[in-house]
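Below: one structure, written as structure tokens.
In this document, chain identifiers A, B and C correspond to the written order of the chains, with residue numbering beginning at 1 in each.
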Amino acid sequence: MIGVISYLVFFSTVAAILAIAVLGLNLQWGNTGLFNGGVVAFFGAGAYATLIFGGTPQEGQLGGFALPYPLALLGGMFVAGVMAWIVGILTLRLRHDYLAIATFGVAVAFENLMRNAEALAGGAQGLRGFERPLFDALGGGLAYNSLFLICVLVLLLAVYVFLERLIRSPFGRLLRAIREDETAARSLGKNPARIRLTSFITGSVIMGMSGGLYGTFYAFISPQDVLPILTFQIWAMLIVGGAGNNRGAVAGAFLIWGAWTASGWALSRFAPQEVQLYTGSVQFILIGFVIVGMLLWRPQGLFEEKLVVSQQGRTATKELQGDRR
Amino acid sequence: MTDLALEARGIVAGYVPELPILRDVHLQAARGRVTVIIGPNGAGKSTLIKAIAGLVPVSAGTVMLGDQDITNPRPDTMGAAGVAYVPQTDNIFRTLTIRQNLELVLRNAGADRAARLDALFGQFPPLAAKQKEKAGALSGGQRQFLAVAMALAIRPSVILMDEPSAGLAPKAAQEVLGMARALTEDGVTIILVEQNVRQALRIADHCFILADGQNQVDGPAADLMNDPIVGQIYLGGKRVAPA
Amino acid sequence: MIQHLADGILVGSILSLGAIGLTMVMHMLRFANFSHAELLSVGAYCALVFDGVFAGVHSGLAQAIGSLSLTWTLALSIIVSMAVTGFSAVAIDRLVFRRVRALGGELSMVFASFGVAMILRNILGLIFGLQAQLYSRDIVFAVMISSDPLLLIKPDQVFSLVAALVFMMILHLVLSRTTFGYALRAVAENPTLAQVSGISLQRMIILIWLIGGGLAAAAGIFYGLTNQINPVLGRDLVLPIFAATIVGGIGSIYGAVLGGFLVGIASNVALLILPSGYSPAVPFLIILAVLLVRPTGLFGEERP
């Protein structure tokens, strides 16, 4: 029984951490229509930076500043935000798919840098030497993990409330206005590129927080944790939950993470020995089908609510419709 | 009763169904004549010929080409039906040479291609002289000639032209409109949208005035030109001097 | 230095072939297709299968040509794989992209392309295994062109480069000499006018997928011939191919060719100053540099 509860606490912690990242993505994609192809880079930046700022000094390695934990986490969020600022300023005034390509590139380059830069990030072995806050005081175990889960849930709720208020604020109305009719918004004296940049950075900072918590939970981060598949998982969570819908995003995170762990468990339990190596491939195909299938058959997500995105196609799409008739 | 080359009846059309730009518009174009559509900005003139050409969806009404229903055609099939459309801007392929532009529209002409190309160059000598140059390098008036040549290449029975004189110097505008008039001598039907009311009425046989997505007045061009009320209300407040 | 340059030119020709199709699709359908590089993998594995089939049918053809490791059966497989991959690209468009397009949303297409890439890549992994494979087990030694500076080139590399250039030349002749080529350029420049000039966009889209898929297959096979074939081939090449299209300017076929060579050379020459582990990040740096200096690329036009 304790085993089941421990596992549930463990599962919920990871799912809740990922849900925070999904909420960050929802601000970018669901509310602003920005395509972030490298969620994992901002997540990873938060994780690595939190561990570098908050970790104990290690030989031959940068960091180990041993900052108080809240400062370390804020530092992680800050680094993710700076990265988003650089990418955003370069791409947000261009054709919208440049952002997709550039963010995808950031993720590739980030993983590459973490894998190779031993002095900065510990290279392929990852970052160690981080002590979880209050771990000693509470003596670890289920009590600690439960407390950690509560903290994560509080932060998840805080982010949720923050975003709900944000999209109902004048800023949120601007986001919608720009998404629906950029020219009109511009003619009202608003600068769409700037507003999109703000939204992109805010979303990425939230992803950085998620990454920071993830790194804290495991007290370890390595290049294996920042592979592109995480980006796809977070997307699948959002698209299943329904873009533009924060409650759906959180539900999607728990649902997809549940499906992912369950499918992994089932494959390792029931699949024959010789196909065990291909467990990952099967799971990736499943995620791929979830993304494509949702787009084709239920683009509004499983939990439809108000505020559904209307990603209107322009130009060629319209012309193609003429041809299709 | 005149022989109608093209007739539109009760046209309701717009880019989105909820916001029709044209509301119950009709148009008749007599065979071998110039029919001009005029009206203030935003009246729906261009939308009307785009709807005929299949570029704007028609949600109600019919377009008849002779006795053939061509409502909501696929734009790429209009040429085969004998209707050519010359857009107002971007009506030539800038990155192709003049010759390539014409060869492109003649690509299905088969063995005839060389002869028809020669015939077009004979009709437009300035284009023949520059045939190896990129079309993007042509002057405004010559662009319109090339655009018309491309339309003629498919041997249409009806040519829809969207403001062919827009942006041209007065002399070039007069040349282009004069050429449109001349085309009718070969039996081609011309439907023309124009802002340049005075000149358009001079070359037109019949005129439709549109405002706010609806028909206002129509009649023989010569009559409308001399109608002071029409001049004041629809032609920008100025009386149009008789020819 | 000269060795890096030579390797860069070879890789560049492969990237160019991949980028031609990508730039056409990105321009016409207005979406960044992240699954395009997977067509290289599809082509490479397709050739592996046909090579085996043809060798089974006629073992005499399974002979290496001259000093290449390339056999007659593989040479034949290149053509067949190009066709099969081209039709696969059309089929994927029918099954996924066209339907997403009909629902509206260019960014949904980008999304879908990631999903398609993941499905294709991992299905290839399931069918052919995750380990790397080779077309030929024969060891072909590189020829020393010069000893100082050292320059080693394999005959297969020369073949791949020449064949890639031949494909590009054929495409160039089609674009500059045939009315079909004019139609392709016309659609790229002005889809509406192309339509009223009697060109069916639907048909052109199919042809673009066919050409893009065919050239991608050739690129994948040449990559497999000069390196190795593995299921993550597409994943490794997707960013360099995007870099090539952005350098050349989206929509420009000639730009894509030049961009491919530039990215290939730059990535290899960069290894002179960077540790080799960083090479996957180089295309990203190139993309950033282009976006900073000239976002429309070398030949691209502003079309926001």
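As a convention for this text, a contact is a pair of C-beta atoms (placed from the backbone, for glycine too) under 8 Å apart; a residue touches a chain by one contact, two chains touch by 3 or more.
Quantities reported herein were computed from a predicted structural model and do not represent experimental measurements.
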- Could you name the chain whose CA centroid falls nearest to the centroid of all protein CA atoms? C
- Note, CA centroid farthest from chain B's centroid sits on chain A
- Note on the structure: Between the Cα centroids of chain A and chain B the separation in whole angstrom comes to 54
- Item | Rounded Å distance between chain A and chain C, as computed from the means of their C-alpha atoms | 31
- Task: Find the geometric centre of each of chain B and chain C from their Cα atoms only, then give the gap between the two centres in Å, rounded to an integer.
- Result: 44
- Item | Junction residues of chain A - those touching two or more other chains | 322-323
- Query: Can you list the residues of chain B that touch 2 or more other chains?
  - Reply: 55, 74-76
- What residues in chain C touch two or more of the other chains? 192, 195, 200-201
- Item | Contact set on chain C toward chain A in their complex | 26, 28-32, 34, 96, 99-108, 110-112, 114-119, 121-123, 125-126, 130, 191-192, 195, 200-202, 205, 235, 238-239, 242, 246, 250, 275, 277-278, 280-281, 283-285, 287-288, 291-292, 295, 303-304
- Message: Quick check on the complex: what are the chain B residues that touch chain C?
- Response: 53, 55, 74-80, 84-85, 87, 90-96, 100-101, 103-108, 150, 154
- Message: Could you list, by residue number, the parts of chain C that touch chain B in their complex?
- Response: 179-180, 182-183, 185-186, 189-190, 192-201
- Task: Sort out for me which residues of chain A touch chain C in the complex.
- Result: 29, 33, 35, 37, 90-91, 94-98, 100-102, 104-106, 108-109, 112-113, 115-116, 228, 232, 235, 239, 277-278, 280-282, 284-285, 287-292, 295-296, 299, 311-317, 319-324
